[in-house]
Amino acid sequence: MSVPSSRVLRALLKSRSGFAGSVLVGVLVLSALVSLVWTPYDPTLARPQDSWLLPLSGGHVLGTDRLGRDELSQLLTGARSTLRTALLAAAIAAVVGLALALAAVLVPRWIGAAVVQFTDVLIAFPVLLIAMILTAVYGGSTWTAVTAIGVGAGVNVARVARAEAGRVLGTDYVLAAHAAGSGTWRTVRRHVLPNIAPTLIVQLSLVLSVAVLAEAALSYLGFGTPPPAVSWGRMLHEQQSYITARPLLVIWPGLAVVCSVLGFNLLGDGLREAADARLRVRELQEVPGA
Amino acid sequence: MSLLKITDLSVRIGGTAVVEGVSLDLAPGERLALIGESGSGKSLTALAVMGLLPDSAEVTGSIRLGGEELLGLGDRELSRLRGERMAMVFQEPMSALNPLMRIGKQLAEPLRLHRGLNRRRAAAAAVELAAQVGLPDPELVVRSWPHQLSGGQRQRVGLAMALATRPALLIADEPTTALDVTVQADMLKLLDDLVQQHGTALLFISHDLAVVAELCPRAAVLKDGRLVEEGATDTLVRSPRHSYTQRLVDAARATGWDTPEVAR
Amino acid sequence: MTLYVLRRAGLLVVSLFAASVLIFLVLRLLPGDVAQTIGGIKATPTQVAAVRHDLGLDRPLTAQYGSWIGGVVTGDFGRSVLDGTSVSGQLAEKFAVTGPLAVGAVLLALGFAVPLGVLAAVRRDSRLGGAVNALGQLGIALPTLWVGLLLVVVFAVQVRWLPAQGFPVDGWDEPGRALRSLVLPWLTLALSEGAVLLRFVRSAVLDVLHQDWLRTARAKGHTRTSALLRHGLRNAAVPVVSVLGLQIAALVAGAVVVEQVFVLPGVGQMLITDVGNRDLDKVQGEILLLTGAVLVIGFVVDLVHRLIDPKLRSAV
């Protein structure tokens, strides 16, 4: 990881998908941050006299819902729970994924095989079902959603990280380092982690996009962060009953979800391209010297 | 009247000229070797004849097979000639066969496509073809999958496939390069015999003068997409006019190859 | 092959067992208490203890697991502690909605994803191929539930061709109405599953297009198209089938959401209702049922994968 991160960043912004992804994710993060200090109106304040206002009327850019709540303010505030859920879930996924992957390749073979089997069984549990189990016991909350998404995505990360870690451990230079007396943890720290980091980062950006989708679905189903916190999924749920009268109001939250998911997906593509470019540069540098 | 007449052939891929102004002539039943290092454009020349170049390639000049101009023909017209009038054996036997199709079906496919053989007769023909190229236990081979055969066996399948319809022209692109040294000689002998037997014209592509000298009386040398020398293989070897040809001769000698005077 | 089937079947049994233990432990060990739920917030500790005893919750965990799994093996997936309804009793009726929903959606998804994926690969350098690929990427980013809502806006609200939600009370006794109420759910689920599938098909076909043997096929007299059809697609199917197994979990989750969006009385909605009621015995059985379905379908997919790849077939 000797290449300065500013160069990776430049490579990222130079690729078309990386740039578009950065912009979309930037908008999401900015919305969440701005909503902490300012929103046009109080997103949860009901003003019955202002219900069903159309966009650009009565000082409401995107209009109001049945209870007269400002749509734009809700969208900005909703970015918070989307972002929070996505980041926490990705963190859990990284820990779970890395732990399962390393456990599978480092420990004695029969335990490793058991870990692999266990991971494969967990993959059979859709995120939604894990969330439902947790909700059935605890009731829906940010934590049940985050845990479910983090674990569900983490086992998939584990699958990819495991293959990657196994590949690195099998390479000649790691075998040589091992033969030279490098301890297991030293090998992991010095060789495995730096080498699987690019793959892991790309995977995690995909986890973020999956998490945004899952958060929307969970809060739509009522298994996510409970009211009064605002979330895009619940906005869609609340609006569904009035879809005939006000179809426009199901457009905005959905669009917000799509832009965020697309943002993380494109960011992942851009990161992959940047990482590939970095690898290629490294190879080119190594060949003549060797 | 020549069977294959290539005139001023040029191939450009992505703006780079990979073959430039190549002209070759091959009479029916004649053998011609196309020699050069990898990247000299010899395989691309062969693929141009077969009409198998990637879409991005721009081809100019003329390629005539039995008087018919091939450049400008559509994929459908060319497909009627490929495997019927002209056929090709490729370099890599390990990847040249469809891994999900039994050998017998692949062997008889040219007959199914061009002669309209039904399934039963095609299956019988496949066994005959397998026997013709000396595959042991042909009945078993036709029921096998490609991954169950060795490289040498697969290359025999490739040759049998190419010759199934008795084409007038066979292009062999380094057919022994990827094989074990021990089976290379057998493969060359088989190729020699079958081409002789069927009266097939042969365009043999190789980087190895030693191999070429035993098989083809005439050779053309290609370097960086251009034809640098052409003539009788004997003359070429004894008194190369171009320094590049000299290098190829030296390379062949370095591997312990006797002079052609001794070999013939 | 027989040996493989046996080994893979053994693995399936182990996986099912592991899944059941996992579900059981998570639902029993986590500090939520069914007895408290049933007794109500105001129940005294004595009342709660009585409920626990009635439900057998004071028995050792192994005994509880044993009687649960014993029931499951004989087809009893649990009974509601609230209203006495059983999962098995409702299953046939619920599955009559979810089964056709899932199968129809998969067929529909295959129906458009395979040709479009092939098209996007074959014409990758053209504007058309690029557009199809971009649509696929967009499709992946669309939340299933939002696709459903948009389809409702267009087809049920604007042009009023199809019902926005619900399923006939008489179910399949009214086949016309039942089919009509499944059209939008099918489209919704197929679009989100198909978008992912399209990407897989595209990359599998792209991979095949670079293979030497495809060139061999053309050298034998195939056109580009016929070589792809006769030789390419079967090969492209191998990796697609193997990822199909992983897609099953996503399909199950998608079906649950779609049933909620379109108010379809299927397995997913039953589950959502029971989760809402914290009806743990039923939830436990239903989750096992769905996870089991994912594992069993994964098993079948693995066998199909073996069947179409002779290299795997002859290996043990």
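In this document, chain identifiers A, B and C correspond to the written order of the chains, with residue numbering beginning at 1 in each.
Everything that follows uses one rule, which is that a residue touches a chain if its C-beta (ideal position, glycine included) is under 8 Å from a C-beta of that chain, and two chains touch if they have at least 3 such contacts.
What you see is a predicted model; the values in this text were computed from it and never measured.
J.: Please give the intersection of the contact partners of chain A with those of chain C.
T.: none
J.: Where the centre means the average of the CA atoms, what chain is farthest from chain A?
T.: Of all chains, B has its centre farthest from that of chain A.
J.: Rounded to the nearest whole Å, what is the centre-to-centre distance of chain A and chain C, using the mean of the C-alpha atoms as each centre?
T.: 22
J.: Just the number, please: Cα centre separation of chain B and chain C in whole Å.
T.: Their C-alpha centroids are separated by 51 Å.
J.: Given the complex with chain B, which residues does chain C contribute to the contact?
T.: 125, 211-224, 226, 231, 234-235, 238, 308-311, 314
J.: What residues on chain A touch chain C, complex-wise?
T.: 117-118, 120-129, 132-139, 209, 213, 216-217, 220-223, 233, 236, 240, 243-244, 247, 250-251, 254, 257-258, 261-262, 265
J.: Once bound in the complex, which stretches of chain C touch chain A?
T.: 11, 14-15, 18-19, 22-23, 26-27, 30, 32, 137-138, 140-146, 149-150, 152-153, 157-158, 164, 246, 249-250, 252-253, 256-257, 260-261, 271-272, 274-276, 278-280, 283, 287, 290-291, 294-295, 298
J.: Report the residues of chain B in contact with chain C in the complex, numbered from low to high.
T.: On the chain B side, the touching residues are 50, 52, 55-56, 75-76, 79-80, 82-84, 87-88, 90, 92, 95-101, 109-110, 113-114, 145, 147-148, 158, 161-162.
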